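Shared between the two complexes below is chain A, which has chain B as its partner in the first and chain C in the second.
Moving on to the complex of A and B:
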């Protein structure tokens, strides 16, 4: 499929003529190149659009429709705002929204602080830095489901490592995933463990690229390490950290794998994220209308957040465009 | 700042040790557990070292259960999606980076928007589409969406690499009378090889770890990928962790090796995102 599409354009577009220097011919050449550009990008854009635009539109339609579940599938009949009414009126959704937001804020904050600290340590290393960075990539590349099962085992009330640690400290045998607060904290720990290294790598990459002469100037001015960090390193790192934060917020808003495997959204619905709620509504309860409303609201929040971010960081995006 | 007092070096060493512990301890725990006997896995006081050392979990995972099949499924889907992404992403990335097209900026922004769209918003319609096509429980049910979801990032990465290649290289190809596709293939592409590695590693990793779509579209035993197999293994009350971690250890290996071999590409991928926004 891929090769058919990619080789086709060349036959229609023999581009073997030398580019003449005359202005008019130059324009013709430009036009031809522009057409070639669309030929080149159409296959990719078609695949992306086919798999994403249709479902996005359909999701929105579904969220505004009466969805009737039939034996073999479901049917849309009539427009309605009921789905959003049900969703906004549901305590479970409001909880999931609050949970997802708080979870995101807490984990991303801790991950950025810890990740920056790790990056600052690694930046000072010489020989072993490559190895340390390689090590940081391992949790990043780990399947989230595996890390969820791993933490599930660690938190196990009878033979988990965490339980052994707690009882050794004389804290008894708490059922970590059994009560709301501790389940939420346990999930955050699992998340922080897996994602802090990712933040550290991004921040480290940003650190390494900071111009060295600024530091020399600071040193000559008698600035100490602490001042240098707060007045020079941190401000210069701001775009890098902002990007890491954006990545993390986007990921955290889609939070699904970890609660699905680690807690199944429980106990009760204490760790039910927006994505888990949407999935349960659609695939467990077969309430596709409200499920779609949950999904669409989540997506709208994410896109809104992105637009705000792009507005703030527009200058950098445009810089890349000028070339 | 460049002075290295013994205290400074000591602090660094301790910090490094702490970081290593923080990152590696859970991984170590997973690998060690996979080599324990069932009794060792559920020992009331955790064993730091498997005693006795046993491969029974590996036999359970790959002989008595279908984890071999799940890994094969993951390989097929991830490799196919990566090939599609690299082929289509190279063409599109080149066009959007180098050719004078109108609406380039809008297209790139749209791609960026699409790539941040949470998968949960698309899952129900995609499920219906797959059912309509009779694609549920098939490789293409994952290959196509994986390709689509990873193309935007690949296009951005490759575009950034193409932007950095001097224009004279294309002129050279044109003077030699090579077609644009030929020029791209034999002159431009070799120079953008790091970009290809980066896009490839990121796509492969994303496909290897993806869970939501794999769970929704391919839940039959024959077409489960490794994350689905691991998530759905066992009963609600008994999770055979030894078997799970044997399968997990094998599933972690290829991706860990890939990421370690291409670690420069991975880091540069993360970095180029950071630089170019």
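Moving on to the complex of A and C:
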């Protein structure tokens, strides 16, 4: 290596050989460099492919095989639909699916409405916008496991803040995480608290980019604020909101950390999401085949959900344009 | 499209040779990286029944995977390792601190061992043997160690570590349910320590009616393993079981099980136990008890020392007793077995040294240290009964009077069996299910699990 270094910057180096004035040659040189860049990054890219594409393909393969996890490694045999049979036949899975879908729809809807409202306010707050955004980002930047633990303290039936507030209001001592409906609502509140700022910031970015002349024209035509919002702001914001909704659906459908910390899927299995169910199947029961089937069906469903959403949304946008 | 084509460079490229070279290099580098991942795999363990373990018994380096045993003070793991290395100066033990969450611990170990790596010796839960044996994640110790070694343990513990006639774990320290009570409140009301559940309920109501405590009894009822432990105690007291003797089908939908679960529900509905029981793990129960809010508590062996720690409202007011049972049954009631075993990784290269370590850790010196310095319940029968151990703390003095029941972990599907129990018990305590419906649901789920079709 040491000798290489000393001999490297000689006339073998193409930079020195090429006359700097020749523009075409300079272009070629840049292309060479770009290709060289690709060559050097190929190993890294292969590793990245290995840690993302391989696991995805492997879990699809696992979901269609009899998987045995042994001390000597994973043994896959046969092509079977057995794992999917177990998944679709399980009442627990059907419950987890319903819970995850309802959870996603409710939290994403509320987050988008709240987030858009916050963004509209933030856009007008020119002076303190930076400070407000920084404050908003605190919940979003907290790791979910930590924010879930904070909510756990709030919901604690013995010394929790929520309990103190409820009893001060004369509402007694409801056990927030102890009954099905309240545990689900409590989890949604924690999620909305954390991710509304994310939606707000994406929508704010969209708002800032909107062309000012449209608003001027609207003002000239005597449009009031309410009309401006429904007829101009919202239609123009549609692509931005669609993006935020897509991100949120993808994340909410993979709900794991909140139930893992707050309820471990309980009471009963009231807050068992698809991800928690898959985790339990794989890492507690060591049934990797059915666990992989849960993961694959979940992924397929979320992709399907996003496609349907985009279709509907595009149709709406087109309709709006035609009108 | 057309624009793209006109811009395209002629096919002849002076770089193709270099490209090939670079591609070769990158493939080679990737191969090196990948082979690095798999080079740790070792051949499967030999299945000889002769007692000759690979490696040398008195030298070498071994790694020991163990989660923290106590939460404060000196670390028993490092104390024991130091003592062991004094006794065997040529064996070096590297401690690997394992995750404290049992499920995370199991998941990490499983992936490591099935990947061909992992620690030599690991400390694992008492409910793991069947599952780990079935998945070949542990070496059968009875292959190498004689029956006389397994006779040194307290009765019942080795049976719990046995699967298909092979012993997979050496019991390291035990834990079990105890009834903690408020000495002061019972004395004030001229009550003796209850020996039946009915008595406990009546005493609680009387003391609560006087306003001397908010709750009568706190226990573990959240949707997690602890709820299975608690239910096992009520169930066995009532005379019920979870599985038939061959562990092939559920027996949990019985009148005995209904009696047990209905009583557990009544504890909550009557206000003897908190409404929040369906969210209570050990910590929540401990907090209520230490705050002076409850007359009785079911907890593990650390319940006594934790209730006497600075900051507690009940210092000097706590007694410990065996669990109560139902009226008409022989006292005391059953205590569920918890605790940890030592297992050997099938990939370990120095099993002989592993066994030396395990034998020492379950021998009298280490067991005495665990009991007298760290208040853990020793598994070694002689140590457990020795006068200085019994004298050393209130909990260890009660141990010889207790009656033990193991969880139905003799099936490799135990995690699903337990999930079926604790989700349904917790649902009853939260008020969303009747005991009868819960037992029916649990039975269906257990039978599905035992047939291998559970999720």
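The criterion applied here is as follows: the second predicted complex is superposed on the first by the 254 of 323 C-alpha atoms of A that agree within 3 Å, B and C clash if a C-alpha of one lies under 4 Å from a C-alpha of the other, contacts with A are read in each partner's own complex, and residues count from 1 in each chain.
Keep in mind that, in the parts below, a contact is a pair of C-beta atoms (placed from the backbone, for glycine too) under 8 Å apart; a residue touches a chain by one contact, two chains touch by 3 or more.
Model, not experiment: these values are computed from the prediction.
Of the two partner chains placed around the shared chain by superposition, chain C is the only one that A:267 touches, whereas chain B remains out of contact.
By the document's definition of touching, neither partner reaches A:81: not chain B, not chain C. Of the two partners, chain B and chain C, it is B that touches more residues of chain A. In the superposition on chain A, A:180 contacts chain C only, with no contact to chain B. When both complexes are overlaid on chain A, the residue A:234 reaches neither chain B nor chain C. Of the two partner chains placed by superposition, only chain B is touched by A:197; chain C is not.
In the overlay built on the shared chain, the residue A:287 is in contact with chain C alone; chain B does not reach it.
In the superposition on chain A, contact of A:143 is made with chain B only, not with chain C.
Looking at the shared chain after the overlay, A:90 reaches chain C, while chain B stays out of its contact range.
By the document's definition of touching, of the two partners only chain B reaches A:256; chain C does not.
Across the superposed pair, chain B and chain C both touch chain A at residues 39-40, 43, 47, 50, 73, 158-159, 282-283. Every residue of chain A that touches chain C in the complex is listed here, in rising order: 32, 35, 39-40, 42-43, 46-47, 50, 68-74, 86-87, 89-90, 92-93, 156-159, 173, 175, 177-180, 263-270, 277, 280-287, 290, 294. Residue ranges of chain A in contact with chain B, taken from their complex: 1-3, 5-7, 9-10, 13-16, 18-19, 30, 33-34, 36-41, 43-45, 47-48, 50-56, 58-59, 62, 73, 118, 121-122, 124-125, 128, 130, 132-154, 158-161, 164, 193, 197-198, 201-202, 205-206, 209, 215, 219, 225, 228, 239-240, 243-244, 247, 250, 253-254, 256-257, 260-261, 274-275, 278-279, 282-283, 288, 291-292, 295-296, 298-299, 302-303, 306, 310, 313, 316-317, 319-321, 323. Across the complex, chain C meets chain A through its residues 15, 18-19, 22-23, 25-27, 29-30, 33-34, 41, 44-45, 103, 106-107, 110, 113-116, 131, 135-138, 222-224, 274-279, 284, 287-288, 291, 293, 345-347, 413, 415-416, 419, 423-424, 426-427, 429-433, 445, 448, 453-455.
Against chain A, in their complex, chain B makes its touches with residues 1, 12, 15-16, 19-20, 22-24, 26-27, 29-30, 33, 41-46, 83-84, 87-89, 91-92, 94-96, 99-102, 104-105, 107-109, 111-114, 116-126, 128-129, 131, 144-145, 147-149, 151-152, 155, 160, 163, 171, 174-175, 177-181, 205, 208-209, 211-212, 216, 226-228, 230-231, 239, 241, 244-245, 248, 251-252, 255-256, 258-260, 263, 266-267, 270-271, 273-277.
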